[in-house]
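Okay, so subunit A shows up in both of these, paired with subunit B first and subunit C after.
Right, the complex of A and B next:
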């Protein structure tokens, strides 16, 4: 499965700032960091399930948001990068 | 086409903060705002082309980043929301 993960973590509290760091490190274990709070990459269903569970243990569902887009085949998704990061992650998935 | 747009605008300068507001307003004309700097929605090719051109006129490609994921058919994409926004935009595309 091809996964795109985007998150918005409330950093008004110390716990929130800690959660942000944890989420970043966690997602870097599974996916490729392509923009501030955006990751993408290929995962098996089991890996995706495991990552989601670990993320759920970190975030505060009342003030944080994580959205996953998944596609069974990366060929069904086109990607375009404008501006920074254009060279490194341009147009190939 | 189903579009997911994510952006990271450098707000260290006044121009950058202005660009951020302009990008937000612009994308709201075309897409649905689902998270801090994340939009999604259905566009025709022509609408998508037009939006991208307008965005390019606003961002500074040397310090801002906009990434578009597009899928010809929204059914090829699953979406999961964890935490905030779970009720409003959950699981349907």
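Right, the complex of A and C next:
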């Protein structure tokens, strides 16, 4: 399935800043970083589940939030880019 | 499904934050490790042992191609899908001439079928290749009578010769394609075929790696030294489906031309531009899905290779008879 993950972490506390870093590193393992706190990519159901569990262990549900948008296939997702934007999800580098 | 990564721009590949970082002269790119199936390296890259350890942990093979685009080798992480039973049975099937020829025959039979369906497709589009088709059909009937792998390889050679002789009629552009020449390729057509074949070989190898099969014990090709010859065996079946059809379409549509190759003295190889164009299409083709007849679900072309590996395992351990994948469309 095709996932877009967006997060917002409260960085006022030290724990918050630490969580921000951890979430960033964790998401990089599964998805492609496209903007500051936005990731996207193709995952299997199992990988998605695994990632969600790992995210849950890091964030503080009282002040942080992570939102996932999912689509069964990237085909059913239109993407428009304005300004700076190459195809950053390409697997040819 | 896990996807391969193709690196063309010279870079340093690193392990960073438990994932993959590619540093080129212009920017730094992060790629997820969890969704990576294998890495293809073209051009010059630096890697360190830290990265290789990391890739090995994540079971990701790295295929390396040299300056001329020829396959030079694979970093093959430690085998993880081990099964002593399968290995022993696989060797037993090689040692018993009767059992060996049964499997070898299936490979060639499937390869010939796929070649014929390629030719059939172009015959329906008005190419004059009737002669080659009927002669391949005749040889195909003789396959079952071949007493040993050597004879089988001989017949396979005859089929290939006929097949390649049909290329001139299939391809609309006027390339003089006399005969197949290897090491090194002497003209444009040979260069593309070589490149396409080496890609199929690496794809098959990556899939074998994900099964219990031992890639060095083969049935059709003689298990040699320093080669994963089982990948050569299985590649026979998939070359017509994955590489050849792509070559025909790309040349007929003019998507690849002699401008994409470098001709020097008496050898010819694809330039970076040509390799990239071809690989893009190849990658797309691997992801293309078809409705599988027996599994009754959508299956990608790449997955078909793995399914054939599984079928081979089943044959080896005596659960079900193997038959190579044949296109039915």
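As a working rule, the second predicted complex is superposed on the first by the 85 of 93 C-alpha atoms of A that agree within 3 Å, B and C clash if a C-alpha of one lies under 4 Å from a C-alpha of the other, contacts with A are read in each partner's own complex, and residues count from 1 in each chain.
Everything below uses one rule, namely that contacts are C-beta pairs under 8 Å (C-beta built on N, C-alpha and C of every residue); 3 or more make two chains touch, one makes a residue touch a chain.
Computed from a predicted structure; not experimentally measured.
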Review point. Counting only touches as set out at the top, which of subunit B and subunit C does A:84 meet: first, second, both, neither?
Key: first
Point to revise | Partner chain(s) touched by A:29 [first = subunit B, second = subunit C, both, neither] | key: second
Exercise for review: Could you let me know whether more residues of subunit A are touched by subunit B or by subunit C?
Suggested key: B
Check your understanding: For A:41, is the partner it touches subunit B (first), subunit C (second), both, or none of the two (neither)?
Key -> second
Check your understanding: Contact residues on subunit C for subunit A in the complex?
Key -> 1, 3-9, 11, 17-19, 22, 24, 29-35, 276, 279-280, 283
Revision key, fill the gap. So, in the complex, the side of subunit A touching subunit C is made of residues 25, 28-33, 41-44, 47, 51, 88, 91-93
Point to revise | Complex interface listing, subunit B residues touching subunit A | key: 4, 6-8, 34-38, 52, 55-56, 59-73, 76-86, 89
